[in-house]
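Working notes, beginning with the structure itself.
A, B, C and D label the chains in the order they appear, each numbered from 1.
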Amino acid sequence: MSDIQTSYLTSLGISTVETITLLGQDLSEDLIGHVSFGELAYRLITLREPTPGEAAMFNAVLVALADHGFTPTAIAARLTWLSAPDAFQGALAAGLLGGGSRFLGVSEDAGRFLNEALSTVEGDLPSDDAGWDALATQAIEARRAAGGFVPGLGHHLHKKGDPRVPRLLELAREKNTFGPRLALFAAVGRVAPGVLGKNLPLNGAGACGAVLADLGIPQQMLRGVVLLARCAGLLGQLAEEMRTPIASEIFNHVEEAAQFRPLGGTPAEQPK
Amino acid sequence: MSDIQTSYLTSLGISTVETITLLGQDLSEDLIGHVSFGELAYRLITLREPTPGEAAMFNAVLVALADHGFTPTAIAARLTWLSAPDAFQGALAAGLLGGGSRFLGVSEDAGRFLNEALSTVEGDLPSDDAGWDALATQAIEARRAAGGFVPGLGHHLHKKGDPRVPRLLELAREKNTFGPRLALFAAVGRVAPGVLGKNLPLNGAGACGAVLADLGIPQQMLRGVVLLARCAGLLGQLAEEMRTPIASEIFNHVEEAAQFRPLGGTPAEQPK
Amino acid sequence: MSDIQTSYLTSLGISTVETITLLGQDLSEDLIGHVSFGELAYRLITLREPTPGEAAMFNAVLVALADHGFTPTAIAARLTWLSAPDAFQGALAAGLLGGGSRFLGVSEDAGRFLNEALSTVEGDLPSDDAGWDALATQAIEARRAAGGFVPGLGHHLHKKGDPRVPRLLELAREKNTFGPRLALFAAVGRVAPGVLGKNLPLNGAGACGAVLADLGIPQQMLRGVVLLARCAGLLGQLAEEMRTPIASEIFNHVEEAAQFRPLGGTPAEQPK
Amino acid sequence: MSDIQTSYLTSLGISTVETITLLGQDLSEDLIGHVSFGELAYRLITLREPTPGEAAMFNAVLVALADHGFTPTAIAARLTWLSAPDAFQGALAAGLLGGGSRFLGVSEDAGRFLNEALSTVEGDLPSDDAGWDALATQAIEARRAAGGFVPGLGHHLHKKGDPRVPRLLELAREKNTFGPRLALFAAVGRVAPGVLGKNLPLNGAGACGAVLADLGIPQQMLRGVVLLARCAGLLGQLAEEMRTPIASEIFNHVEEAAQFRPLGGTPAEQPK
């Protein structure tokens, strides 16, 4: 028998018989029809009302990250829907579960890299490109010395530059949200070829991480924003799978190309 | 060895070395900074550019459904993050997996009910309230005769009326997206007390289903839109869990109140 | 502030500072080293200690259902691990999420079909093959009259018969667990070609459903047993993916074969 | 148009019209009825046939880890089933998604710690307790110097010792599978109080990691084995939830104890 006297505090949704309150505002009167979905997501994460420029920039990042075609996660979602069409939520969840370190982690990694580099600055932040370039050089060299690689650089396809990067930089200036992470990220792009001795252009996922960190998204929530964006992309993929399916053909391709590999050739890892 | 010659067609994202195209448009030039995230989600699902009113209404539904406080799915997401803080995507997916028939299925069920009722109409749709009321009465009676209940009616808390319903009806008129499903849904609200003999007000989840169906969201995708909305709410819940955790206390409450029930009292189902 | 005085009852695991009890027994003294994992799973589900024959039969079903090669769910798990190798649990969960109606639901559907057919019998169950054949004929015809199809019949590959079926029937007789569901299922196999006018042999998934139902697994838990079996298969698939990966190649195949389909040709579903 | 000529190799399941082969053996003739489910899982992961002692030990670990009562993951699974009873696989997946670093990662961490310590040994492994104690002391001190903690030590409840540990050590000796990881793990238990200056007994999850590593389970697959064990426990939890539900009461407890926290008091993280 428990006699716990508890209260669970929340600043988000709470309801009474006659009202629904969200973030301390009346959902029906103050929010529905007044804020966009992107803006609401921003408020739910940060508990802060964005400026119009911040709201526009947050929406821009969500648009930039929503869909990338037939990614492994999109294919996984389609295959899951093929197997279990009775549970749409399962197909969506399967797609989101691929949102880990390798394909979706770049925004988070870039945000962390930039935050850490900024935290090493004592006194004022740089005030011109030369200053940012010096900080970027130092951060890249520190990362390389530690045996790590610099997140936000390089793309398996867009080898001459990711077209989203200049657009996001331009838009951040236009919307007056160009902050220190984006300044540092742009500097990384300028100095990296010289420091690393090879041409690795900035990628869009890294730029999104920089923008989001400048917008005040906590580092631990960066991956969450990417997943929200990807959620819309997966809805598109699943709606398309319903209209013009391909999962069954992918499955057939794999099944037909399957061949048995005798066990002898691949011994399991042995205990010492 | 497979010799399949295949092409997988898509109308969504596709990239080349220099470009990223989404929905046939240039992602950077035509979409980033030009469309809101909510509007992009609409386009990804329907392949159709919404009118400004449709985009506003779609955003309104996403806002209406985003968060409902400490739902079972919000608690499940928080508990999963408590157990596995290394994989944010897992906590989000766990929360979405509760998006099934009981707590999140009302929008989908209402959309299907309304679509089916409309499909019984031969000739023109009703042109006045009396006509809609007659159709609603007929649909409710048919449902009741089949032993089913009418989706979109009743709420475990808002027994005197869900405040989102009048707001969504008003906004749909204002945005010029008030279509036949919403007209029929409003009629259901008017006639249900008389037909069913008890006062069950319209609920917000049902109204959202009606709005989305009028916006051309395919029936099989209604649950997906609800899940997208809920995704933002879960981000809010998880961000709050990071700032001011409650999952550990919920777990302690359950653990302390656990008591053993001897087996004898609950025999398993026996084979005949 | 809540003042709930609650206790949550359980017959499963419960711990004190010095003991761990499971199913009312001392975990360390009575279970570890004394029961197989398959037997423990049976007890956890049914709260009943199986006979040695029942334990053997339950294990046999789990073995029969564990792996089926490159199924859509196996491919989804591999692709998810490719994307998010930092969260093994996500890849496993993605694989299990394909365990729905289409590819994994046959055991559950067959169990329900057999249970329902048995529940129509008033008085004693049949005592010979002729009696079972008559009941099977009646059940198949009722199902066909209702517009449904008979679960457990037919296989997309094993068109001349699924080799697991005779083995499971034989083993159930040997282990003395051959009950009314399996008797009826075997009868379905005998009479179906005549009643349906086409040769649809019994499949293994259906036979497993019949065996499990005879073992007293509640109908709502049949899918769970299949998922447990599949869990082991997915571990095999993911261990193999770690040794000799194929997911990346599947992804490349899809990416290379991707082609843009202009929007005009596929209008979204329109509101009436 | 793709012209890929590919074959996907597998040593697991593969089917023809008349046969089902698993691990190079005939599923029906060689496996069903001949191997336990636990043994099959071992083979699927390692591609190796275990000795009877190894199979018994692998089963013992799965039994030891299957259920721990009302863990956060068990509660999450029950809440998910409450919300979405139409998709059993979703509830199970939600439960498994809690199988991450904090509550289920100990076996994996312990296995890695032991493997790494053993890899530092040049020449022969220790041949007596004194030798193992010296190696354990060295490993603990190295871990402490690196600022990490030693996995497998301590339990939030079993402060005087986890009863599974002596049982697993005894059984491993009895089954002739007592290998170097377990020898080192036992030594860690002997020397830790002296080296760390506080009494932290060995825990069962750590012991399971040591046993599994000695059985040749690859380090990357240790978490997978724990998840398989937990899968059976979750089936028990969900079967119990169906018989005697508690999730709804947990939800009510949280909902009733919810209180609004005004935004002002918790400002979001601000950009620098």
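In the analysis below, contacts are C-beta pairs under 8 Å (C-beta built on N, C-alpha and C of every residue); 3 or more make two chains touch, one makes a residue touch a chain.
The shown structure was predicted, so the numbers you read here are calculated from the model rather than taken from an experiment.
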Most distant chain from chain D by Cα centroid: B
Interface with more contacting C-beta pairs, comparing B-C to A-C: A-C
Degree value of the rotation bringing chain A onto chain B, based on Cα positions, nearest 5: 180
Gap in Å, rounded to a whole number, between the CA centres of chain B and chain A: 24
Rounded Å distance, chain A centre to chain C centre (Cα mean): 36
Chain B-chain C separation of Cα centroids, rounded to whole Å: 30
Where chain D touches two or more other chains, by residue: 1-2, 4, 6-11, 14, 45-46, 69-70, 84, 86-87, 89-90, 93-94, 97-100, 104, 218, 244, 246, 250, 253-254, 257-259, 261, 266
Footprint of chain A on chain D - complex, ascending: 6-11, 14, 21, 23-24, 45-48, 84, 86-87, 89-90, 93, 97, 118, 125, 179-181, 213-216, 218, 254, 257-263, 266-272
Chain D-facing residues of chain B, complex: 1-7, 69-73, 75-76, 79-80, 82-87, 90-91, 93-94, 97-105, 243-244, 246-247, 250-251, 253-255, 258, 261, 266
Chain A partner contacts - residues on chain B that touch it in the complex: 1-2, 4, 6, 8-20, 22, 26-29, 31-33, 35-38, 40-41, 44-46, 56, 59-60, 62-64, 66-70, 87-90, 92-94, 96-100, 104, 157-164, 166-168, 171, 174, 204, 218, 220-221, 223-225, 227-229, 231-233, 235-240, 242, 244, 246, 249-250, 252-253, 256-257, 259
